[in-house]
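Just below sit the structures, each encoded as structure tokens.
Note that chain A is present in both complexes that follow, paired respectively with chain B and with chain C.
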Partner chain A sequence: MTKALGYRVLQALMVALIVGLLTFLMMEALPGDMAFRIAAHRYGYDAVNAAAAEAVRSELNLDRPAIAAFGRWFVDLLRLDFGTSVISGAPVIEEIRHQLGASLQLAGIALMLSLLIGPPLGLLAGLRAGGWLDRGLLIVSTALRSVPQFLMGLILIVLVSIHLGWLPAAGYGKASHFILPALTLALGLAAASARITRDAMAGVTASPFYAFGRWKGLSEPQMLRRHGLRHIGVALVTFLGLQFAMLVEGVVVIEAIFGWPGIGHALVHAIFGRDVPMVQGTALLLGLGFVALNALVDLAAHWIDPRESRA
Partner chain B sequence: MSTVTTDIPIVAHRGWTVTQWAGAVIVAAMLGFAILAPMVFPADPLKQNLRHILGGPDATAPFGYDHLGRSLMARLASALRLSLSIAAAAVVSSAALGVSVGVLAAWHGGWVDRTLSLIADSFLALPGLLMVLIILAIVPSTPIAFWIGLSLILWIEYFRLSRAVARRLLVAPGVQASRLLGFGPVYIFRRHLWPELAPMLLTVASFGAATAIMTIAALGFVSVGMRAPTPELGLMMVEILPYYREAPMALMTPVLATFLTLLGLNLIAGGRRA
Partner chain C sequence: MLSRLLASAALTAALTSPALAHDGTVDVIAPFEIKGTDPATSGNVFIKMDLAETLVNADAQGRLVPGLATEWSPSEDGLEWRFLLREGVKFHDGTPLDAEAAAKALTIASGKPGLLETAPITEIAADGERTLVVRLSEPFAPLPAFLSEYRSLILAPAAYDAAGKVTALIGTGAYRLTKLAAPLRLDAVAFADYWGGTPAIEKASYQAVGRAETRALMAESGDADYVFNLDPASLARLKGVDSLDVLSVPTPRALLIKVNAGHPALKEPEARRALSMAIDREGLAHAILRYPAGADQMLPPSLAEWHSKTVAPLIHDPEGARKILADLGWTPGTDGVLTRDGNRFSLTLLTYPDRPELPLSAAVLQQMFAEIGVEVTIDSTNSSEVPVRHADGSLDIALFARNFALVPDPIGTFLTDYAPVGDWGAMNWDNPEFSGIIRDLAHGKGGQAERDRAIGIIQTELPVIPVAWYQQTAAISKHITGAVLDPYERSIGLKDMRWAE
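For the complex of A and B:
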């Protein structure tokens, strides 16, 4: 277990390295003047001139070679300094702190909603593998997988907001604002977790130990409680790691669509403004959050099934 | 849009299932439409005709017109060509990179294998969309930027798959005999590894193409992808959305095309379950 967690720490360092290297390589490869573009975003394209670009250049040390800038960024990072936004001038960490709460709320509700929809359906389908529910679920989940999350959001906006007028399409603050973005995220996640639960359950019911349990006279609910759920639990929890990737990516896109004031929304805005430190900081935080969640998944899987064989 | 990782067991199989054929027919139809539509109904996807704003179908524009009076069919065909070419380019380059690095890792083993695996695992730790977003934050949104970003995401699956297959096969008696007889890596790869690997690559490639198409469309939809007036599936949807009440079918055109393309690819990839 210590080995697995140590590996996650290594992974976190590598994530920081990739985010940093990628941005600095791209900046180096890009023709044109970075300082001029940042200045244009600060002062507007009409007001910008060579002097303003020079000022930005010396302020942000853009005249240094990329490798030096990368080294500095990485050293600052180790001191937990994420830099300052080139547009607002505020520290990146402050900007992110404001948005992170809103994102976590949305992600948390979506995850809970998806766990209420996906695994129970998969469980029922897996118990009667080949039955009508199983076949129906296969068709629905294949179709859902072909509907990207942004498209699901679009469909819900068109149906629920525009046609029926039941819920607001965008906004933040009231409970009603949560429903559409959370549901959009949850449906995509549920389609995946339903499949995993179904396959795990079908595997368990077909296994010799399940047949033996039945043979010694346990009832179906007893069987499920004693021998079924723990086996599915491991598959499902391990799979949660994959779901977090979907969740992190989903949050970025869904927030932009529903105007949710979270970290994904901020990332998209930072890209508009070519606010590189902000993009680096946000991407890094999302990446590190992803690694941390996976470490939690490792721990949970270990707790459900402490046998070391899977490590 | 999430990158599909091979936690789903990939089983080698020869011969296609009915579902896979259905998927192939759908993908071929979309491809055929993208190539043939401009030949049968030639129209400039960028040309605005203000008399036709949100107009219904006619002989020159069988899918009607958008909010700027541009032919929806011309724009859709052009958007599909863009998405499919970027997806194809990304799949080919990432497969070439992933397979060669994967086989290299398995062939050499030891520290070469450990180093390459650590690099691959670190890429896996960064959600794929973020990788593309970082690139788009700095480089202008061109097809090449998408191609590089998507290749950086997609190569990992090929690496993991080909490394696993190569590690298993390189210790098989037949391959050992070939090595002892002095056959080179190229021969062994072609003769022993490729026949096992090729059918599995199809699954990874279809998932990869689906990931690519979803990513391009999603970023277009949130306006950080391809820039207007380029016809792109996601961009077309967000442009037409405000006019939904006047012309609902105009929105359905890119929505259905995206859904069908992804459905086709997913059926090819996941069809072995049928």
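For the complex of A and C:
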């Protein structure tokens, strides 16, 4: 296990270097004059002109060689300094904390909601594979998976906010603002985790060790507790790691529809505004986030099923 | 039985009343993001939310009215303006507004990109407690109008750090900032010590929502009270929602085609007129923009002093356009595109998608120009490419929206754009008579006849080709009264709003 974690630390270092270099090179390769683009994003396009662009150019030393700028960024990074946003002037780490925080809150609540909906249903369906619940769940989860998330978001807004008037259509700042975007994400996730749980459960109930348990006289709840949950746990946790990555993609779409301040929004705007430190910081943290997530999944899978490492 | 009836009545009520009762906070929704605390970048939001104020205000007709200054006047030679500050004004941190504080705020503002930077200011200083003096290198009549712009908001001395960077938003407005969650949200409460009396509504929030569809849904569901900037499709739908008032006003923003008058095919004014005659402005306005009419001159009637009643309107006449081009020596090639001396009449039209109607309008214009034999390639890119390609001379034509009323007097925009050239205006076009009139007007000389003459010159020479005048729209909840839709986009009437009885 220590070896696996050591591998993840090495991976994190590689990710930092590669992501930093790639984002920098990509931003350098984008067409258009950087000073004008930054000025347009700072002051609005009504106010961007040659004078504003020149002011930005001299303030940010945009004339210096690119390699020097990259070197400066990397040295700062080693001191855990992500630099300042060229648009807002605020430290990148503060901006990311606010925006990534908002995304993570949304993703976390969506994931929890999906866990409350998906696996319990999948479990019940798997215990009676081929039954009416199993067949019904297959239809519902296929339908939910096939609806694009932006459409699901709009359907929920029209139904829950406009027709029923129960929840705010969009916005940020109150607890009630979480429900619709989180539910939009959760329904898609639950559809998938219900299928995974169902298949794992159906596999377990059909296995010889489960038949042996029944034969020796254990009740169904005892069987599920002692031999079922642990088996489906590994499949589910591994899948959840993968789902979290999908969640980050989904969050970008959902943020746009629900007016949510998030990392997707931040990254897109930073690219349009040529906010290089912000792009580098955001991409870096997302990359490191995935490495950390994989490490956590490894740890959780090991904790649920320690057999592999003992072998 | 009774409980079942009650339950079904409750369900029916819930299903039929889309708007919830108000929650004590006016929720304002607009597309403009908050980039930070600096008025240079986000002052448009702060001024709308009554968080900070300018020395001079403008009413809905564009007339200058007292703001933090109660009166102002220029010296005899026009080189010095004196502004008398209002008494009893406090900043949100409790410190009083004095001339020293105002001078500091404006000196910092005039050093940042914006209109004020272009004014011929040599010094901004305090003369005693209540008099602010602005010294100029040459007379400049529109100075009070410049000081009404959102980038000239007056913040408290404590709002700036030693380097002049804005670190906190401490204004004098009727509302005080309580939470800033840039880039999308801010919350504010009524400022008890406001010089104009505490506003009736205690709390207000502002949220930036980029998608027009989402803004419309927020208005429709009743969880937003003032929704700014609606897309044409939503506008039609929201007009049928009982709980909303939908307002629309013409704004001094024009959809223009900037023309490189130095381009071999565009250097004759007649060629530019032919392009103008190819445009079916009414059709484009109705079908794409859903506006009542197109622009038949540069500025709309709402900008009364600059809308000329004497110029001949721009017309749609493709046949006439073809004739003009034939007279200039252009003949149709085998594919229908005009050629002259072996050169095709082929142009690149630059535009940007920040305003969704621009690429769409560009595609329609491409078709209209094709009908007179002019080949157009659309390049939809970043808005900043317009000034960039103006500077390096590679621009042919560009479609963009230009705001003429960042300050109520469009003379500032004319000075930077057309006298004689500017990033968003004339390119390789210099009309000494026009520049002279504009400079005289800026110095305080001349009147209506000169403005009409200036618009007449633009109308004949067409260094830019007007296409449409913009409409600003808003959906306002019937929960509130007193909201306004200001053509100059300075105010939403927040401090005068009340909950409806």
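Just so we're on the same page, the second predicted complex is superposed on the first by the 261 of 311 C-alpha atoms of A that agree within 3 Å, B and C clash if a C-alpha of one lies under 4 Å from a C-alpha of the other, contacts with A are read in each partner's own complex, and residues count from 1 in each chain.
Assume a residue touches a chain if its C-beta (ideal position, glycine included) is under 8 Å from a C-beta of that chain, and two chains touch if they have at least 3 such contacts.
What you see is a predicted model, and the numbers here were worked out from it, not measured in a lab.
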Handout entry: Touched partner set for A:F272, first chain B, second chain C, both or neither
Key = both
Practice task
Considering only the touch criterion stated at the top, classify A:I162 as touching first (chain B), second (chain C), both, or neither.
Solution key: both
Exercise for the section: Based on the superposed arrangement, let me know which partner A:L116 touches: chain B (first), chain C (second), both, or neither? Expected result: neither
Exercise for the section: For A:V75, select first, second, both or neither according to whether it touches chain B, chain C, the two together, or no partner. Expected result: neither
Practice task
For A:I257, decide between first (touching chain B), second (touching chain C), both and neither.
Solution key: both
Exercise for the section: May I ask you to decide whether A:H98 touches chain B, chain C, both, or neither, giving the answer as first, second, both or neither? Expected result: second
Practice task
Could you say whether A:A90 touches chain B, chain C, both of them, or neither, answering first, second, both or neither?
Solution key: second
Practice task
Would you check which partner chain A:A52 touches, where first means chain B only, second means chain C only, and both and neither mean what they say?
Solution key: second
Practice task
Pick out the shared contact residues on chain A: the ones touching chain B in one complex and chain C in the other.
Solution key: 154, 158, 162, 256-257, 272
Practice task
Show which residues of chain B lie in contact with chain A when the two form their complex.
Solution key: 1-3, 5, 7, 118-119, 121-123, 125-131, 133-139, 210, 214, 217-218, 221-224, 234, 237, 241, 244-245, 251, 255, 258-259, 262-263, 266-267, 270, 273
Practice task
Over in the complex, which chain A residues touch chain B? Could you list them?
Solution key: 10-12, 14-15, 17-19, 22-23, 26-27, 29-30, 138, 142-143, 145-151, 154-155, 158, 162, 238-239, 242, 245-246, 248-250, 252-253, 256-257, 267-268, 270-272, 274-276, 279-280, 283, 286-287, 290-291, 294
Problem - Residues of chain A that touch chain C when the two form their complex - result: 31-33, 36-37, 39-53, 55, 87-90, 95, 98, 154, 157-158, 161-166, 168-173, 256-261, 265, 269, 272
Handout entry: chain C residues touching chain A - in the complex, by the definition given at the top
Key = 14-15, 17-20, 27, 29, 33, 35-36, 38, 40-41, 44, 112-114, 117-118, 165, 181-185, 187, 205, 207-211, 213-214, 217-218, 220-224, 352, 354, 381-385, 387-388, 391, 402-403, 406, 416, 422-424
